[in-house]
């Protein structure tokens, strides 16, 4: 793969409720932050990929509302497309539009506002209307099924998950963009009320409002215009079978996506060769499960941003992970680690991580 | 006994979604909130002017798309306007907002409010058999009890 | 950066109500036909891209829900969706993803089961809940308004528009995949019940259940799979406008800008002469007049002349919509991709009874959203 760089990143603050802003306003905020970060104007951007979900936005073709806000109408207008799914999947499509030789720079921007709709109803419609929906499952109760089989398979439980929560919440407390900025003790995590056994309230990521944007550029553009490019060295994406047709205690899809990314980047010992991981864990147990499948053992180098347990806007989270990993590589992160040269960012989508993307980024 | 793998149409089963729906609380945003407050309290229309191209946007929004500039210069527009395009809706369909059949026929108008650069959409009071022509002057008719939303205007009609 | 082509096509039996299959089965029908057409198996495919319009079926995460039928299990699977332009957006995605070299053989699927919901109600939810929804009445209302402005500006008549309906419906008779395969007369079109002035029942596209699957392969594989691949020469699109009230009713700005960009990129100066065939996403009669002006085929207000002269009929110098077009078949999420599939089959020379002669360059469009346009141009010769 020819090198492509991330040359600009921007995020809104993530919050429980940004009712004063439409989601288009959030997209504008993230877009202009990424342009400022890259030292570019909208005129430098020659195509755009947005990420959104019509259900979460409460309207069909919800991308219609963000065109002006992300610069698609600027001047004579720009070519634009929309991925429905995690923002990191949109980044993959944005990357391909540069590698196809069609464009030099792609703006990728994702948004969602959890505060406007009811996530439990909106994720119930992920299920098949004929066979599953009437059972009343949603993203949380489905994850409870996964947590239970994973706990049994690995002989672990709430204590191991509690340690993940304490770590991520401690980091989140020091990340100004985080939705939850309050640290938590292991006792508080263990005493937290049950939502869907075995998942407790603090096992579940917050539902945030927010937007994030990155600017991708070809090698020649990045070398000319960027002082601190972050290079994409590997990338993998894979989807899995539906909920009832796969073993929830593992994720073949994540294994495949990681394998592809590692191969592209020439990684054979992830724990030794990757300095830092930003993971999309919607639930505490998922950090443990995803790390198993990534074959990554340095748990103390995971989610220094606070992870999804500190801020999680659907659609946005994978792109936010890429941004946090990029900031670490540039030495500008909220909880900056020492000597980060290579980082992994992960995005997921669907119920119980049905689809995953893995990115290997280098400074 | 082996059953034939063929069904008549009447043998097929369908599952209805019933009353299932997803309630939303849509943000109107700062610009829209100002617009609807003026409409509700003073029966006035306001747009935002782009500092670069000078276009006046109604509905007001944060960003002028072609210039990619934020706007904060409020300009009063209307209430009178010119009919720039319209149709008469005659076919029945289900209003997704209410789940009920929309009452047809009704006039559907695009109106260039005086001083605005973009068109405002609303109902047009018309005689379906003698529809008006593009270019006529129109005026809004307001509801007595206004709540800060688009239906605070009952319709537009020929001035 | 690799050259890329369409190497296989599969369409379902499109009808008004495919009550005999679920959505997943409908998708699977198109996928298996495309694989058969390209003589490939799912193992050969290294990624899946799929799209539709969410609220038409009421299913969130369609790419994951339908994965057993779309072939995406343990493969990269992406959903693209942009409303009416979804199908053309998918074709553009197929191009970039294979041209990037990240994917070699990609399965691209568009589908819709319009019979499962109230289409006008669902399209109405596409528009802004605060500003647009109160008066908007689905695709027909916006198009009717465009037509009223076009008629007023140029004195174009309902009869002019009806001639384009007669053309598309006549073409559909020869397309085994068309939903409506009955010819109509000028008189029938003009006397059809009025839906939304000036649009009558036969001026507007039907609602169709159907799926279309297209296999894209890059230059490393294309010629091994298909003896005469349809090379994609380029793509462009414009999705301007956030609110319907922002739309300039004439010309269709998105199509004018996108086509200008692509013509310039490919060195096309006289599209009427240099392109041999077009499949246009023209969802209502007047679009067949007005939008070919935006494409640079006729001067403003003179699109109708081209239609009356028979230039765009089967056997004319630039046949348009030999498939019968959107006026004959409209499974919305698939509609733009069917345009790409039809162009490809014409270039491959496998379009059966509707085959045109000597198709070297073809053009397809997509339309949707807030008067948005997508455009792709294909060629029989491998680009240099």
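Each chain gets a letter, A, B and C, in the order it is written, and its residues are counted from 1.
Rule of thumb we're sticking to: contacts are C-beta pairs under 8 Å (C-beta built on N, C-alpha and C of every residue); 3 or more make two chains touch, one makes a residue touch a chain.
Bear in mind that the values here come from a model prediction, so they are computed numbers and not experimental data.
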| item | value |
| --- | --- |
| Interface ranked first by C-beta contact pairs | A-C |
| Closest chain to the centre of mass proxy, which here is the mean CA position | C |
| Approximate Å spacing (C-alpha centroids) for the pair subunit A, subunit B | 35 |
| Subunit B and subunit C: spacing of chain centres that average the CA atoms, whole Å | 28 |
| Centroid spacing, where centroids are CA-atom means, of subunit A and subunit C in whole angstrom | 33 |
| In subunit C, residues with contacts to at least two other chains | 58, 122, 125, 129, 240-242 |
| Shared-contact residues (touching 2 or more other chains) in subunit A | 24, 55, 58, 67-68, 72-73, 122, 125, 129-130 |
| Junction residues of subunit B - those touching two or more other chains | 17, 24, 26, 28, 32, 61, 65 |
| Subunit B to subunit C touching residues, read off their complex | 7, 9, 12, 14, 17, 20, 24, 26, 28, 32, 57-59, 61, 65, 84-91, 93-97, 102, 106, 108-110, 118-123, 131, 133-134, 149-151 |
| Complex interface listing, subunit B residues touching subunit A | 15, 17, 22-30, 32, 61-68, 70 |
| Residues of subunit A defined as touching subunit B within the complex | 18-25, 28, 42, 55, 58, 67-69, 71-75, 113, 115-118, 121-122, 125, 129-130 |
| Residues of subunit C that touch subunit B when the two form their complex | 19-20, 58, 118, 120-122, 124-125, 129-138, 140-141, 144-146, 148-149, 152, 194-199, 240-247, 249 |
| Sites on subunit C touched by subunit A in the complex | 1-2, 4, 22, 47-48, 51, 53-56, 58-61, 63-65, 67-68, 72-83, 89, 92-93, 95-97, 99-103, 122-123, 125-129, 234-242, 254, 257-258, 261, 368-370 |
